[in-house]
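Following this line, the structures themselves.
Each of the next two complexes has chain A plus one other chain: chain B in the first, chain C in the second.
Entry: the complex of A and B
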């Protein structure tokens, strides 16, 4: 009995730790500014005024932070474009490479694996300047493509690593049967292998998308105007502009978080399996 | 014969290799080459080779040692706290109780939040009217009352509070990933061992100490290395939460590198900075890869 009770108290503490910071910010995003200064925990006069600032393109331009807020819908679209492209590039390049590594014995596969592992550990700051100059010399600054390429390169090693592990769990007999029936290796990959490994592919796709959505350094360096700026970079403007009420910032934060949060709830099981399997083998 | 057999797998790897060579390997090379040059964007006509001078300048500058020291403190505290908190939650999630699924779902909240937004959130939480600011104020007031001392709480204006708040925010966001790795490792422990230990009358602490911990050794090491690399890379959180301030209290090494490059436009010096970070994290990566090797997880 005591054991049960202490277990639930333990669980409660964990839940509070994990949710309280975000819960407070979410609550504040529905408060009028005055209630924050009164240090309320729950909005007594809930309002969606903080959110309407983000979607009310014409009016309320006088509000502090309105200039940033007005660009949000556009920035969310930018983030969606970039994240989706990063996801698709990861899935195509990643599954091809992982298939070869997990299935087809060839010379140099160990070298490749070490190359992938090594490139995963290169910190962003280490290559930011050459990347910046590279993008500048190709005229790619302030385009979606520059951000897509940089995000793909830093998510790809992780994708290959997880997919390789996942592919190895699929019984080899499946493809043997397909090969006996006259499939080419590529045919076996497309018709037999990919359908079976869909959960793994969904997991790494979501992973790549969320990683891209949240990435900041390269997005900050490469983008300058709303034509390409993703939502994280736009949100960081709030850190520079003085006097924006925190209620408005909180609403913006919630808007940025909403999509990754929903995705991670929907694909919870796959994500947990993916992370868990990524390093323990 | 072997050549045709090797051709297809290499072809399948080609797209990934091209991307990674073009946007990681090549920039790393360029970065090193540039670090050996005098290259300030303000004086693009004066680019010339001067060997290791950038490194010498950095190693002689107090800013570098300040940044390194702050990064070391930041990383050490972060790794320690992440391991302890993540382990505590992983052990909880391994128990069976009603609502476990809910806790496991909530675990992903901090993970899904982008670093920049996390920083902005904590600006609010620790700001003048923030929820945690009030708690900290009350705590300090209580401590002052109990011990008859007079600590003045100045919030994020205090270097000590700012740095440790940044660590706290960083840890909060890093816990889920580590926790999931721990949980996977705990679930791989054969249950017979626990049963046998219980038959032998081992206490729950001893079961944790002599069965769980040894089995988790590898996972803890992996998390430690991961989090060390993450700690040295911390940038987006600092950008949004403290902007390096107050003063230079939160000038972690990644922030210092960014400033060197895009505020001073000293690309040569900044590349030397980048290289020093790369050396530190690469050393850790090599240890990590060797570790996986020994476990037979990387196979030819």
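Entry: the complex of A and C
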């Protein structure tokens, strides 16, 4: 009884701790500017005016921060392109590597895996300059590709690690049964192995996407114009412009966070299965 | 329908020899069991027949076709796995139909065949369910249906009953025997359960350390084990093995004499040996071939009258009533001997008894090599 009650209390505290800041930002984004200075917790006269600035519906070009806000839709598209590409790269390279590591015995198997993981422990700042020089010499600065490549380098080891563990829970007999049932090795992979590992693939895909969506350092370093700048970098511009109303910034924050949030809710069940679960035949 | 021939099959995994030079001829429609402890190479051998492992050396033939290099999907086989290996993302119907679909069987025929197989396995009411919603026994039936639906030439079964509870195992064992009777297929069955192998098989192949120890009908394997390993592995409880030496009495009769026992040996057995006198042997005697009686007086016993008289004194150590039988563990000169007798026998722990071994049923094994010294019965 007490055990259960304390568990619920813990869960409640955790939920409040995690959601309150976001809930407050969301509430502020619907407030007129003066309500923030009055230290309201909840909008008394809710408005969508802060959002309209982003989509330029009223032609409010004179507002402070409007120039940045109007670039938001384009920046979100940039983030979307980068995030999706990072996700797809993670899924293709990650699943193939994890499949090999979990299924095909080869010399140096474990060493390779540790090398992947080790590369994850190098802080981004340490490789910032060499990567910048690399991107410059390949002429990739201010392109989506530069950000995609850099994000993939630090998400892929994690993807491989998670997927390898997940793939190992798939009974070998499942693929063998598929072979006996008439599948080629590739057919067994596509028709049996990949469908049963969907939760794991979805989970790492979403993680890679969200990690890329929220990454700031490399995106800031490699992008200069709105042609490639993702939304996290653009949002930081608000900090450099004086007098941008807090309500407008809050609306921007909500816009940035919305997509990962929706994705997490949609795939919630698969993510939990993919991280905590295993496949049984 | 297919005759399966294995020619000098050998499989190495690194330095480990999993299967060592196995040659075997499996007749069409035969039920052949590969029996042995875990790690004896029986599953590897089955996988090589299936094409899931390629042999290091040797060939696999189906009828007149060398299939050694043929991929599993191109061999006319079906397989049932220990873990069932049902596709968790498909319904029971799709699981059973999958192999047909892969072979391009039209949808209508597929449906008909799946229904037929489901009827045979009595799973018609489960076709819409996912495997996770099935019990162990139901999964097993689905796995069998998936295998028989394609009407393969060779049906491979890898310990299919080992994940079932004891009661269900008995039911499914009968089911398998019925299936073999109904289907025109060659069955190759892998198990470590000697009782299963005795009940189901036309022939048994006993394996150890990748090598065949003996091939024979269940009766041959049980009554004339080729060596101490086969004798000990097949039969429950395991055969009693007692250390002894062959001696000739003044009257010319041969006996095995060991610590606390002496037992007559038929002259026909000894005649085949070059130097029987003083030869060190194991005397093997099964629990049901031992008579047990009360100690009446020096040199005489009550009890089974059809057993020749011997003079083996023993003390009861454990009494295990099993309902239809009674098992006694008795001490003979420091060795434990299992005796199977009638449940109404009253001997209990600490009682002195006299045992009699049936000379016609005893086994003699060379002590050093473990090979049988008794010709096939």
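Quick note on the criterion: the second predicted complex is superposed on the first by the 242 of 281 C-alpha atoms of A that agree within 3 Å, B and C clash if a C-alpha of one lies under 4 Å from a C-alpha of the other, contacts with A are read in each partner's own complex, and residues count from 1 in each chain.
Throughout what follows, contacts are C-beta pairs under 8 Å (C-beta built on N, C-alpha and C of every residue); 3 or more make two chains touch, one makes a residue touch a chain.
Model, not experiment: these values are computed from the prediction.
Of the two partner chains placed by the overlay, only chain B lies in contact with A:92; chain C stays clear of it. After overlaying the two complexes on the shared chain, residue contacts for A:173 are found with chain C alone; chain B is out of touch. Once chain A of one complex is fitted onto chain A of the other, the partner contacts of A:48 are absent, as it touches neither chain B nor chain C.
After overlaying the two complexes on the shared chain, residue contacts for A:192 are found with chain C alone; chain B is out of touch. Once chain A of one complex is fitted onto chain A of the other, the partner contacts of A:182 are limited to chain C, with no touch recorded for chain B.
Touching more residues of chain A than its counterpart among chain B and chain C is B.
In the overlay built on the shared chain, the residue A:77 is in contact with neither chain B nor chain C.
Under the contact criterion defined above, the residues of chain A that touch both chain B in one complex and chain C in the other are 279-281.
The touching residues of chain A, counted against chain B in their complex, run 4, 7-8, 10-11, 14-15, 17-22, 24-25, 28, 36-37, 39, 41, 89, 92-94, 96-97, 99-101, 104, 106-110, 112-131, 133-134, 149-150, 152-154, 156-157, 160, 185-186, 210, 213-217, 220-221, 232-233, 235-236, 238-239, 246, 249-250, 252-253, 256-257, 260-261, 263-265, 268, 271-272, 275-281.
The touching residues of chain B, when paired with chain A in their complex, are 2, 5-6, 8-10, 12-13, 15-17, 19-20, 22-28, 30-31, 34, 85, 88-89, 92, 95, 97, 99-100, 102-117, 119-125, 127, 129, 131-132, 134, 172, 175-177, 180-181, 183-185, 188, 218-219, 222, 226, 229, 232-233, 235-236, 239-241, 243, 254, 257-258, 261-262, 267, 270-271, 273-275, 277-278, 281-282, 284-285, 288-289, 292, 295, 297-300.
Within the complex formed with chain A, the residues of chain C that make contact are 47, 50-52, 71-73, 77-79, 81-89, 98-99, 102-103, 131-132, 146. Remark: chain A residues 171, 173-174, 176-184, 187, 192, 195-196, 198, 279-281 touch chain C in the complex.
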